[in-house]
Amino acid sequence: MKILIKNGRLIDPANGIDAPKDICIASGKILAVTEPGKLPKGFSANKTIDASGLVVAPGLVDLSARLREPGYEYKATLESEMQAAVQGGVTSLVCPPDTDPVLDEPGLVEMLKHRAKNLNQANVYPLGALTVSLKGAALTEMAELTEAGCIGFSQAAEPIVDTQVLLRAMQYAKTFGFSIWLRPQDACLGRGIAHSGPVASRLGLSGIPVIAETIALHTIFELVRQTGARVHLCRMSSAAGLELVRKAKKEGLPVTCDVGAHHIHLTDEDIGYFDANARMLPPLRSENDRNAIGKGLLDGTIDVICSDHTPVDDDEKLLPFGEATPGATGLELLLSLSLKWADEYVKPASQRLSSALARVTSDAARIAGLPGGQLSVGSAADLCLFDPKARWKVEAGALASQGKHTPFLGHEMTGRVLATIVAGHLAFDRGLK
Amino acid sequence: MKKNLPEPDAEALYRALLAQVNAGLVDIPDPVIVGIHSGGAWLAERLAVDLGIPEDRLGFIDVSFYRDDYAEKGLRADVKPSHIPFDVNGASILLVDDVLYTGRTTRAAINELFDYGRPARVMLAALVDRGERELPVAADFVAEYMQVKDNQSIVLHRADDGTFTLTVEHAS
Amino acid sequence: MLPNPQLNQHGELQHLLTIEGLPKEVLTHILDTAASFVSVSDREVKKVPLLRGKSVFNLFFENSTRTRTTFEIAAKRLSADVINLNIAASSTSKGESLLDTIDNLTAMQADMFVVRHAQSGAPFLIAKHLRDTGREHVHVVNAGDGRHAHPTQGLLDMYTIRHYKHDFTKLKVAIVGDVLHSRVARSDIHALVTLGVPEVRVIGPHTLLASNLEQMGVRVFTDINQGLKDVDVIIMLRLQNERMNGALLPSAQEYFKSYGLTPERLALAKPDAIVMHPGPMNRGVEIDSAVADGSQAVILPQVTYGIAVRMAVMGILGGS
């Protein structure tokens, strides 16, 4: 199928492009990127898309989206979440291994990849479990899992308590050049419900102090120094933690990190009157931490924005705050929340769109070692077309995901995906001509 | 303050009421007086002094908890404590209110008194009776009958020196 | 700022969930109304007909015979029908969800819920659910939610202080003990600050103090001898046995040694200082028997005022 996308504004951070361009797609790949109106000789499109007024960008690469399969089908299924992905402009996503059963067997990974492929929507790149059942005791068959399709290894939200095991896991991963994705959270100090601070004290919620993150970071960095293992830190949450990452990077340690899109914009004050939608892991912290996150994205301390998409059932959110399951829906908000970050922190204004997009396309792909996130000639035709000015309201009816819970429910967002193309086929079309 | 009628002389009315009550209590041994907050309470206080009734035979009640309009209007903002220093059982009670109108306040007051005990009898003294009863209540002693419009109320005031005045005001 | 879920659009009290955010006038109104109810309890017929025909459901997800009984007495003195439901909260038991329970009970024409729950914020969830399902006429009274609030206790503590000390604006008040876990402490702090008490102190070891307490308007002391100097009111908090298991304290004996209210420590306060305790007391742990039974303790009057205050709260809510 030959597709021509004309009249759009191409923003491709990987290739430094932000200009009106036409894009030609053939056989699922980018055939040409040309000046508007100048088609390659002999190219005749089966389908032409008029992207007037729209930004044409690489499809988003989301480094954390829970699909809830296998095992948690009552919370969400591949069908609904993959639909949510393409509606959010996400064409590649990484899913954590905390499914049921945990992704610690090659067979499970193959099945997941196979199912995802058949749906012909976003590309799914699973993270394998670092330890069997995520229990932090026995190593998984990392080589076999990589062969089955895992792009790295993670403990999801279950920190390893036994430092000896973590050391050995890193040594083993280093042997083969595998990357380890770790959430910096101390197992014991991280047991609370909300950020340890004036809001938690006032509301009577047990606190998760910042040292739960910094102590874990110190441990991880020492182990990285020892082993040389490549570590990607998942979901930074504090100013103090970011300062440690800054120093580690300066030192030359092979570490990178990401932040959940919600944490760029929200603080513990957003818990309000015990809104369980604001129950997240890591917790939403103070304004000082939030601001450090915003600046950290700007100065490169934080490499990537991800959605941390976590569909949670009504039954698990319509509960008192301390009993509610942490997590928020994110695939369909990733673009808007990234643009919102740029609006607040990026100067000059002309750089905003490309800065925001870099954090969720080229940078994300690079950090995770994935193809995609760019629109070079010859690369897979994964694109999203969006209206950077369109406003939409976050409502249950507007979301394709089965996860309807986010602190942004009822809020207005800016930036709406109108079409998503994956491997050269139109995976999502919001009524574009 | 709308004045449709010439305001009656409250002090004169009080003296008339006092005379009636004095005569009416002649055959009642050891009566007690209970005033309904706020106007009735002021009148009761003065009546007790003028009739020589001791302080421990003088009580006050606030009928807020017994009103029948709680569902529509809720609890009033200025509920005052009730104070009954004597045993209601077997007592001959003179209940005193400033204005008798629908009769609902009297009903509430009687209900409240009965929660303290079983009186031998209850008589009602009102400074002004403005008619338009909604319940079968009658006063034993009344100083003046007055008619005012539905949207008006008759208000008793007590000055710092204890002097009573009556005004006709726009009802809120 | 989100609109306060306790007040309806006319600014009337719709629910009593926490003292935080309630204007001073609302607190004073409750205390004034409670004064009238104190005398009701002295009569032969200790009832007024305010809530006659109304159903008050005591929903206790956390056990408490004392508090539940006081609410039951208060509701019955208002002539309400009282139904007690003790629902043992167990994270492993697959019982009905909280909101399903509420739905079922409102279908049985409940007019008011008195709720005690182990989770901070549970009554807010209930109040929100009632509003979202069009049942604004059903009122919620928080009888204690996790560590967060115990507003009727805060109010009766204020009533007690007002009774003995009259003017809030001239007082130094000290709250002693496990502030970290105490909903009573939080409610007392909010009430004291709102009513204009110029100096509110909390006293306890670091392990039992929450972080950032100063932001609630209090002075923090870890030395009880310093903290009790010249105070007019001492509120003692109960120390629960679980604290010894959580590596927060080594033993009850050591706690008493450093933080127990003994006659010697009481003497550091003003000579006419009053001693309060929400109960039940752990004699010899947070308070010496000599003090608990002494002339400065007003712990039993607190209980009497507790009934009047709860009658006032339910009476005001029932009419809004």
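Details
Going in written order, the chains are labelled A, B and C, and every chain counts its residues from 1.
Just so we're on the same page, a residue touches a chain if its C-beta (ideal position, glycine included) is under 8 Å from a C-beta of that chain, and two chains touch if they have at least 3 such contacts.
If you're wondering where the values come from, they're calculated on a predicted model, not measured in any experiment.
Relative to the centroid of all protein Cα atoms, the closest per-chain Cα centroid is that of C. Comparing chain pairs A-C and B-C, the larger number of C-beta contacts belongs to A-C.
Using mean Cα coordinates as chain centres, the one most removed from chain B is A.
Measuring from the averaged C-alpha position of chain A to that of chain B gives a distance of 75 Å. Separation between the centroids of chain A and chain C, computed from CA atoms only, is 44 Å. Between chain B and chain C the centroid-to-centroid distance comes to 39 Å (mean Cα coordinates, whole Å). Multi-chain contact residues of chain C (touching two or more other chains) are absent. Taken in their complex, chain C has these residues touching chain A: 2, 5, 20, 91, 97-99, 117, 119-122, 124-125, 128-129, 145-149, 183, 186, 210-213, 215-216.
Across the interface of their complex, chain C is touched by residues 62, 64-66, 70-71, 73-75, 77-84, 111-112, 114-117 of chain B. Put simply, chain A touches chain C in their complex at residues 196-198, 200-207, 209, 272-274, 276, 315, 318-323. Against chain B, in their complex, chain C makes its touches with residues 12, 29, 32-33, 35-36, 38-40, 43-45, 47-50, 315-316, 318-320.
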